[in-house]
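Here the chain labels run A, B, C and D in written order, and each chain numbers its own residues starting at 1.
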Amino acid sequence: MAKVKLAESKINKIKEICASFGNQPGEAINVLHKVQGEFGYLPAEVQEVIAMELNVPVATIYGIVTFYSFFTMIPKGEHPISVCMGTACYVRGAEKVLDEFKRQLGIGIGETTADGKFSLNCLRCVGACGLAPVVTIGDKVYGRLTPDMVKDIINEYNQ
Amino acid sequence: MAKYKMHILVCGGTGCTASQSVEIADRLKSNLLDKGLDKEVQVILTGCFGFCEKGPIVKIMPDNTFYTEVKPEDAQEIIEEHIIKGRKVARLLYTDPEKKEHVADAKHMGFYKKQLRIALRNCGFIDPENIGEYIACDGYAAVAKCLTEMTPQQVIDEIKLSGLRGRGGGGFPTGMKWEIASKNHADQKYVVCNADEGDPGAFMDRSILEGDPHSIIEAMTINGYAIGATKGLVYIRAEYPLAIHRLQVAIAQAREYGVLGENLFGTDFSFDIELRYGAGAFVCGEETALIHSMEGKRGEPTFKPPFPAQSGYLQKPTNVNNVETYANIPIIILKGANWFNKIGTEKSKGTKVFALAGQINNVGLIEVPMGITLREVIYEIGGGIKGGRQFKAVQTGGPSGGCLTEKHLDTPIDYDNLIAAGSMMGSGGMVVMDETSCMVAIAKFYLEFTCEESCGKCSPCRIGNKRMLEILDKITKGNGTMEDLENLKNLAGVIKDTALCGLGQTSPNPILSTLTNFWDEYVEHVQDKKCRAGACKSLMQYVIDQSVCVGCTACARNCPVNAIQGEKKTPHTINTELCIKCGTCIEKCKFNAISIQ
Amino acid sequence: METVNLIIDGKAVQAEKGQTILKAARKAGISIPTLCYYELNGQKLENKPGGCRVCVVEVEGRKNLAPACATEVMEGMVVHTHSLRVVNARRTVVELILSDHPSDCLSCSKSGNCELQTLAQKLGIREIPFQGEQSKYRPDNSPSIIRDVDKCIMCRRCETVCNELQTVGALSAVNRGFEAVVATAFEQDLVKSSCTMCGQCVMACPVGALSEVNQTRQVIQAINNPEKTVIVQTAPAVRVALGEEFGYPAGTIVTGQMAAALRRIGFDYVFDTDFAADLTIMEEGTELLGRIQKFMEGDKNVKLPILTSCCPGWVNFFETNYPDMLDVPSTAKSPQQMFGAIAKNYWAEKLKIKREDMVVVSIMPCVAKKYECQREEFKVDGNPDVDFSLTTRELAELIKQFNIDFNSLEEEDFDMPLGASTGASVIFGATGGVIEAAARTAYEVFTGKTLEKVDFTELRGLEGVREATIDFNGTPIHLGIAHGLGNARKLLDKVRKGEVQYHAIEVMACPGGCIGGAGQPYHHGDFSIVEKRFEAIYKEDLGKELRKSHENPYIKQLYDEYLGTPCGEKSHHLLHTHYFDKSKQVEVEA
Amino acid sequence: MAQIKSLEDLQALKNSVQEEIDTRVKGNRDGLVQVKVAMATCGITAGAKTIYNYLLEQVDKRSMDVVVYQTDCMGLCKDEPTVEVSIPGKDSVIFGNVDTNKVDEILDKYIQKGETVSGVVSK
């Protein structure tokens, strides 16, 4: 018997979410959205439970999770940083801003700092093209950024 | 109820919201309350005005005053000066970049003058969360007309006659698409709105959903009636929380008002809409991939035929149209196909929304009649190139499109002309570039995107694009050969010819169009190891100006790789073989003698 | 049938409406190369993702090249399958695939059987113009199957086979873009997944991304170890397929040559798994009759139908998917394991050697058998009853390694006593064979009469799920048969819900039964090869003097001398097993 | 809220909400008659607010295609309240010392009939 270990509250939450979608395999993406919204990420154990509830192979769930960039198996930082790499931002220097964040935080794209405070990601166009280049941290949007502003922004969250 | 004497419209689009427009609206409201004017002046959070470059936008009606780059702290002045005293706040008015004059009335701004807003007719004008305002602007009159006065075939004929073509990229005639779906009989059919806008830099669909969600609901209902579907699905990006919220509100209101649900307008026709969320995959804009994603699977495209109109969502006949396409439908029904087909060119009717971006003065969302020239868009609406620099290229169609040059500036924009020029309409991204953009690097940027977004199902796209990217990388690093260029050409051709879906088939376009239009620039990178735009770092060289250098040795002492030689008090030189382009010498030079070439 | 007319390469072709260009062309004798396309004719399996783009053809009037495997013919279509444009595109596509594929053909397990290799050769590819990053993944070595994911070309055949044909669901396409590959959940090892080791993925894989664990080297070492007595047993299905590896047409029976070759290789005793198959019938048949007897006496606790347990892939499948039904299958070990138990006990005692000094090698049409023989319950103090299980393909390799000219070998017999067998045991190799063999014996035991008509043709066939009722002298016995795990699932779900009533069900994991096993020579999707093996199996049965297991004189001798009675105490100890719950369970973390 | 069950229902609802958005619709349209009331401190002290409200009310009552809005001091403080009327194609005129009667006159005679109305302080 292969065992999947998970806290009871989490198991119940996942079951509740799956049930709210009628445990339908066709609702897998909606379920994953909801569960990730709940836990912040989708670790293997969580995917195992979802697969069991929806009665689909866990490989299938994993195939879905790894297909869509919105889903992540790595917990995001307390302050998730997303650098917009849409065309408008790219043309106006987003790459340099991204490099500066990487340098300042010492992490790469898709990674989280050791203290769990920051995670760094790229995204495609938040639609604030007038403010390019744009970075979002949590719900907050920073526009018209230059690399030299990066340090101060990080410091805002380091107090 | 007393009528509001004035309306203050605050842009509630994502861009302006990002720069505190909600707070501006709140401050305006509290100021009005303080002055006891809350019953006389209404503050409305609308959809996007399009002029994102100068956001947040606040517009006062009825005098049409257009305030730009408003900050929350400006709210008090707007109320005290404009609302109470009737004095316009000059410093917040838009300044014409050429005439250097304030333009008070939005109708006279260059940005809006040449625009024709059909799909965006209600964006920035009504409160998207109030169905009443939509109804006041003839909302739901089109669906009422279809259901009570027209047969489904008449609706299809009207759309066919209008000449409307799909705004999502391909430009397939909408009426014909509906007709095919209507002729496939099944117990259940579906209508799907593709709101998985993934083109980097294009955000028209989001703006429509945020600014005028009811128009989409109405159009989908008309679509359902025309093809015999009772169920609608909107496949929307999860990254669009505001659009999702507005759509949810609109659907709830539509149900409450009975314009969505059972027996609409007292007829036998019933229709309802559900939302499905995308999860970050550009390829899901392709309709078969979108359908698989809605079914809870990996969003991989499948070969067509069967087309969705034959076998789509849950293997049932399904009609998929994009948001902007839908936004045109109600007004076509109301004003008639013959009104619509007078706008535009022979084969491309109506208007197209573009997201104008890049090195241009007026970044934003615009809607123009088909047939307008790129020159008009870039120079009149876009206000010309930023900083007065030289225009170099304009990229249309996003990762599926290509780069057009000076010689295309006077080509009327329509589906067929853009394809003939080696680009495409795409979803409507338009990125303007000046001489600081390297065309090889731009091709690489788009290809990086395609590589990241390729689903990996077919070998040409999965491996071919990766190999093309590697070749481009080689070229931008100065290691390219002429053979690489030949390989690139062949690969681009084969990928275009053999890839499984639209994403793959069009992915070589940015390369093909730059190879055609900027061949010299590629050759320069390969043979002269030079990037004329100065964008490819590896090709840059650090040079000491011999006439400026005084030989202070500061650079040589600080160079981490000892690449700088020279006697004291004589001009120094940089050994480019050793130089790692770290920039330390420039930092240390007090005489600005070192430059990058 | 509606037909359409089209022109392929200048030739007027009439094709069925709805048919693909590929099939229409093939029927007209025009070959179009394919790579990802995989079809098991008659088994309702078709993999045509249209992904590799090798089969692209030019259709006049179309903007892009069309994949022949997925494009339907249309009236008036003009197709060019080898125009310059097509040839250049096809070649470039294969070059691209090769550019992300390790070039270790010389030492690759699929060398000579690799469809990509053949394709590259056919297209005359002599160099790969594209250099660049190659995918790198961690190799996965399970007891049966090796996944060398670096070699995966995303043809999706294994994924389709694992999910649609077998409904095992161990594999899925994961990641996207250049990183996209077919893998297990979390890219873990197969043993940690729901894999049953049936190996149909290995059979389907056109390249070396999936292959069996090769143990020929260990076997050669054992043979050359003077301390060891090395015994070999060969499964029924091997003898009708091995010939293919030596150029014989499919369906050629090479039993005698095989026995001769095994002797040349140096095995001390060349025995037959068929002997153990007869033994299985004695045990399983007795168990079945016992359950029927109790059922007829009104025992409510008796579990019916009895399920066969010869197939290790099937055993893994029900242990994972039907943990609530573990007491339903027969407890009889598979023939391979019965043979091992008899060899290492009865035969070792006869030879007066310790079991540690005996090495039992089995030749199987199967890769799951490699896993089975390593199961802990089949070991005594860590020493397995069967030491090594080789596939038919590995045996062919062994024969080639020993420079044996197989085709000119004189036929030889198996050694006695463990090489004696009946026709009933031979048909174990085909779907329906086990249940037919059981019926032959059970009938006579149950009714006490001699069976006149030995051939139960109603039980034969290649339909995925079959059923038949046999008259046991007035008592109707309902039998069910499924091959392919997807079909087994369909049948088992009905049994679980109580929708169907059977006395016994035979299940084989592979399509066609063992003749279509994953250890057999590669058929590359040509299922007619399996059909020919099927015919050969029944031909071999027909040629046997004895055709009922209980008539095997050495089986009788074994019971008299050693075991006592079927399902007796000694049999129970040596020839029966028990099953484990291998399903995934959620456990609350403290 | 009663559900919309027919074209008439929709029309009725539209009529009831139309008014709310009218101010905006008119502002967006070209070629409308514009009536501006000077509403700086001087104007308000002189009663411009009453005039402004009365104008809005009467335009509505008469269902006229006229857009009314406030504006800054026109520099004619001695004649407050002042009202500027611009009819497309004509020069705009400013009426001084406007009261409610004058408003009626401006609307009925000057705008609707094109007749001359007294009280013009500036052209």
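The working rule: a residue touches a chain if its C-beta (ideal position, glycine included) is under 8 Å from a C-beta of that chain, and two chains touch if they have at least 3 such contacts.
Here the structure is a predicted model, which means the values were calculated and not measured.
A.B. asks: What are the mutual neighbours of subunit A and subunit C in this structure?
C.D. replies: Chains that touch both subunit A and subunit C, as defined above, are B.
A.B. asks: Report the chain closest to the protein's overall CA mean, measuring from each chain's own CA mean.
C.D. replies: A
A.B. asks: So the centre of each chain is just the mean of its C-alpha atoms; given that, what is the distance between subunit A and subunit B in Å?
C.D. replies: Distance between chain centres: 24 Å.
A.B. asks: In angstrom, rounded to a whole number, how far apart do the mean CA points of subunit C and subunit D lie?
C.D. replies: So the centroids are 89 Å from each other.
A.B. asks: Mind checking the centre-to-centre distance between subunit B and subunit D? Centres are C-alpha means, answer in whole Å.
C.D. replies: Roughly 40 Å separates the two chain centres.
A.B. asks: Quick one: subunit B and subunit C, Cα centre-to-centre, how many Å?
C.D. replies: Centre separation, subunit B to subunit C: 54 Å.
A.B. asks: By residue number and range, which residues of subunit A touch two or more other chains?
C.D. replies: In subunit A, 63, 67 touch at least two other chains.
A.B. asks: For subunit B, write out the residues touching at least two other chains, lowest number first.
C.D. replies: In subunit B, 281, 298, 300, 455 touch at least two other chains.
A.B. asks: Can you pull out the residues of subunit C that are in contact with at least two other chains?
C.D. replies: In subunit C, residues 173, 175-176 touch at least two other chains, as defined above.
A.B. asks: Can you work out from the touch definition every pair of chains that touches here?
C.D. replies: A-B, A-C, B-C, B-D
A.B. asks: Using the touch definition from the top, list the residues of subunit D that touch subunit B in their complex.
C.D. replies: Per the stated touch rule, the residues are 1, 3-7, 10, 13-14, 17-28, 30, 37-41, 52-53, 56, 60, 67-73.
A.B. asks: Write out the stretch or stretches of subunit B touching subunit A in their complex.
C.D. replies: 13-15, 18-19, 51-55, 198-203, 206-207, 238-239, 276-282, 293, 295-300, 314, 355, 357-359, 363-364, 395, 398, 429, 431, 433, 437, 445, 449, 455
A.B. asks: Considering the complex alone, what residue numbers of subunit C touch subunit A?
C.D. replies: 163, 168-176, 183-186, 192-194, 323, 580-589
A.B. asks: How about subunit A: which of its residues touch subunit C in the complex?
C.D. replies: Answer in residue numbers: 1-8, 11, 44, 47-49, 51-52, 56-63, 66-67.
A.B. asks: Which subunit A residues qualify as touching subunit B in the complex?
C.D. replies: Contact set of subunit A toward subunit B: 24-30, 32-33, 63-64, 67-71, 85-88, 90-92, 123-132, 134, 141, 143.
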